[in-house]
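Quick one: the structure is below, and I'll ask about it shortly.
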Amino acid sequence: MCRWLAYSGSPILIEELLYGPEHSLIDQSRHARMGVDTTNGDGFGVGWYSADTETPAVFRSIEPAWNDRNLREVTGHVHSPLFLAHIRASTGTAVQQTNCHPFRRGEWLWVHNGLVRNFHLIKRDLALAVDESLYADMEGSADSEMLFYLALTFGLEDDPPTAVERMVGFVEEVGHRHGVEHPIQMTIGTTNGESLWAFRYSSERDSRSLFFSTDIRAVREMYPERPRLQEVSDETRIIVSEPLLDLPGAWNEVPESSYGVVQEGEDELRPFRPVYSANGG
Amino acid sequence: MCRWLAYSGSPILIEELLYGPEHSLIDQSRHARMGVDTTNGDGFGVGWYSADTETPAVFRSIEPAWNDRNLREVTGHVHSPLFLAHIRASTGTAVQQTNCHPFRRGEWLWVHNGLVRNFHLIKRDLALAVDESLYADMEGSADSEMLFYLALTFGLEDDPPTAVERMVGFVEEVGHRHGVEHPIQMTIGTTNGESLWAFRYSSERDSRSLFFSTDIRAVREMYPERPRLQEVSDETRIIVSEPLLDLPGAWNEVPESSYGVVQEGEDELRPFRPVYSANGG
Amino acid sequence: MCRWLAYSGSPILIEELLYGPEHSLIDQSRHARMGVDTTNGDGFGVGWYSADTETPAVFRSIEPAWNDRNLREVTGHVHSPLFLAHIRASTGTAVQQTNCHPFRRGEWLWVHNGLVRNFHLIKRDLALAVDESLYADMEGSADSEMLFYLALTFGLEDDPPTAVERMVGFVEEVGHRHGVEHPIQMTIGTTNGESLWAFRYSSERDSRSLFFSTDIRAVREMYPERPRLQEVSDETRIIVSEPLLDLPGAWNEVPESSYGVVQEGEDELRPFRPVYSANGG
Amino acid sequence: MCRWLAYSGSPILIEELLYGPEHSLIDQSRHARMGVDTTNGDGFGVGWYSADTETPAVFRSIEPAWNDRNLREVTGHVHSPLFLAHIRASTGTAVQQTNCHPFRRGEWLWVHNGLVRNFHLIKRDLALAVDESLYADMEGSADSEMLFYLALTFGLEDDPPTAVERMVGFVEEVGHRHGVEHPIQMTIGTTNGESLWAFRYSSERDSRSLFFSTDIRAVREMYPERPRLQEVSDETRIIVSEPLLDLPGAWNEVPESSYGVVQEGEDELRPFRPVYSANGG
């Protein structure tokens, strides 16, 4: 059912966040607590930005994350101020790199936890709605990639919240037309290398868990004995499918049907409302 | 640029044909002589029929064939009267199992050597022509899989030669509409477990090589010292991208723009003519 | 921590046993109940015998078993009267095919669940005891392969129980010499294609679970509604790390420190006693 | 038969050197000109140093280099002043990550092109000579890793040229004792992150090719139209199995039976003489 995390803040060695905490993402690959499945072993991916290259790097593999040496090597030697990591539990589609997250287009990255219900049934209708100029660039067979390309079609690069709201509205309309009661279940993380958006929504209003780190200044004061917390900048934020360590007061749950933005200046948390074609198309 | 072989005849250990001859398919994976590229290392696959299961087995991998131990193990322990094997040289699409041949649907298998030119440009138009009930079953991103699903759409299961002729006509029409001069280059092998069809065609009438074994009775008389040839049944036929060994008189080239059928009773060799929508749709 | 099964009896489609039961080995790869770890996703292997080839086939892979399509394809198309299957949870050594079970030499197969404690510390001493003519054939780095080669050195091919008892005694002596309190933990399955031996032992006398199927005639009478049980021969036996389905009366636990033999004629269950150099060398 | 390159100089994007030149290492993976085999598709590896981590990173894979997307991603986003890259053509041992180069221990990296002849025959004798404290750290089965551990045993970290000369002398002595006429064939690259050593030697005095870049100041003057050459520092050096591009005057062949050192201050080129136990043990 997948787990993911996003980091934005002072540049850190990616490995520190991926492997360090007691219930790190790598630990979650074998022992997830809040997911539908405890095992997320159908591949992984990490996408990171760095100062000296234009587009983010994406390293994806079909191996389980927990014993992958290359993941450890690469993340143990790369510093980044902004990265996404994802561990996959396939909901049926093939285990192959092109189905692993993050998906990338230009400077954008995209990770998804959840599924499109009865995806096989509505896949063609969704694919036909993808912009003609984008269609041939879809390489995999996963619902998550399709959601990304639909969001791009609906304007992700210009206005991410509206594009995702229109994408979700469209998927629900197509699903309902085919008799699917609750077409979509999702938490989504996406970024253009500057801001970071995190969405939590599901048609049944019972979405997968999603958390963001509390203002780090408050956490620092509560835990003066944690040196790593003292070092990162005030703007540092972490968004995760489930908390990386038990630190009371350090995590806030993203509320049902809402989204957050981590950006220069004040961060935001807002309600998420699908846009349907009657009022949005 | 891919190489493939097809075998129909007395049940043999698959390994014998795949590894045995001096210029075997496995040798061709590193040292192809007649292909565009000498290396065919972007994955492989073998599909075989057996007496006691309904659908053929398909074993596909993204590793190069030459050092894959599982390929050797499996083919070294399975006998089959009818099988297809393929080694891949990607023309750009991802190296992943779902892009490896043979492709299968029900009792049908399909291998392809060649390419759809400017596939990226015309992919969407081709995909939209795939029957709605089949669309969501395409799992990969390769042109070869698309050709298979178009052929299925055009009636492969009922009349293979006509279906392939209509498929090729359609691809050429779509390609020409997008300004592609020579849209398709192909040799194709396909079977339903009973008969076996092999096609050789290209828009520019300069198709990849394809050979079929001469009547094995004649070959036997010429080469009495080859015990293996004496053992297989009279109906045994091999079709290959390039000859497996230098045995003068043992191989016939499939003529440009033609196709052959290996079947119970007399085998056939006929001209191949694309069917265009004006005269076929 | 690994799980394994062994089957001996009427030829069956391997897939039936591997995937069919509610708590099948494939299910155990994600949801083991009796193991140290619930996830066994560090590769798998299956080795099978067939009537028409001399040595057993071995198909091994580093992918998790649960979503591996080739495993499903191969086991879904091969019948066998005798096979071993194994799913791996690495205790530290690399995830690579040469560390996957079953290990094979000639007609022998070998699977192991457990570990050699402080293997890194005593590895060299164990390796030096491997027969000189065998040493260079070890290809992997796992303790399990080393145990196999030590057993071969101590006469596995002539007298399996004594060879394993001497191997275990030797490993314990070397371990104790290096200050390792409980050097070995193991269940082992091994076969030469005719008989099948299963061992359960650990230095601390608290061994991993191991079960064998009860006399199938008794089970049949208890469960007349299970047609599959009615079809296999009276001699059919299954040995498993943990029961494949809840069928009261169908499974016996192999007692602590004992071993069983499935063979033509009467099966046997005997105590297992390590042989030390003082009384065995 | 393997190909490798080493780079030392101004920090560059690794991809630039790996993929950029017309006959780049990636091109050599399919079309080597000077090797025994044209295909080097049995895995690859790259090891790099960076300013902010203590030990070098090593990224290794069993896939062919030419279509590996992760290799492109990682090398396309990492700058380094010192790195080694290697493409493998197995001479018989398993295709697995632990047999891929570079091998690493602490801050040392090691790549090898060539082979130990009759390695299977003398493997045990070589392994017994590896220092007891190092033995258990060997993870693979390749001759190249064994040579590295023997060199470490003979003092690589203190005096690399002498350690390699003693290692080679030892391998030749063991080989000759077993009747192997020409036990070793090698070019070797090794570095501790500061200096870089490159060796060319074979028992038959007919060693694999090895080149180093000419003083870059001279090359710059000859080729003023090549902007990339103008940008790197004067100390920049490249060592390669075969030249990366046809640039007359840009490459010098490492002479038969010699070694070079790229280091702060003046580089060196010296004769290589195996040290035998009589005069060296």
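Labels A, B, C and D are assigned to the chains in the order they are written; within every chain, residues are numbered from 1.
Going forward, contacts are C-beta pairs under 8 Å (C-beta built on N, C-alpha and C of every residue); 3 or more make two chains touch, one makes a residue touch a chain.
None of these values were measured; they are calculated from a predicted model.
Of all residue numbers used where chain A meets chain B, over half belong to both copies. The two sides are thus made of the same residues. The geometric centre of chain C is 41 Å away from that of chain D, both derived from CA atoms.
Residues of chain D in contact with two or more other chains: 69, 94, 97. Taken as a graph of touching chains, this assembly is complete, with every chain in contact with every other. Across the complex, chain D meets chain B through its residues 30, 37-39, 41-42, 62-64, 66-67, 69, 90, 94-95. Of all residues in chain C, those touching chain B in their complex are 13, 48, 50, 52-53, 57-61, 69-70, 73-74, 76-79, 97.
The touching residues of chain B, when paired with chain A in their complex, are 93-94, 96-98, 119-121, 123-124, 127-128, 132, 135-136, 138-141.
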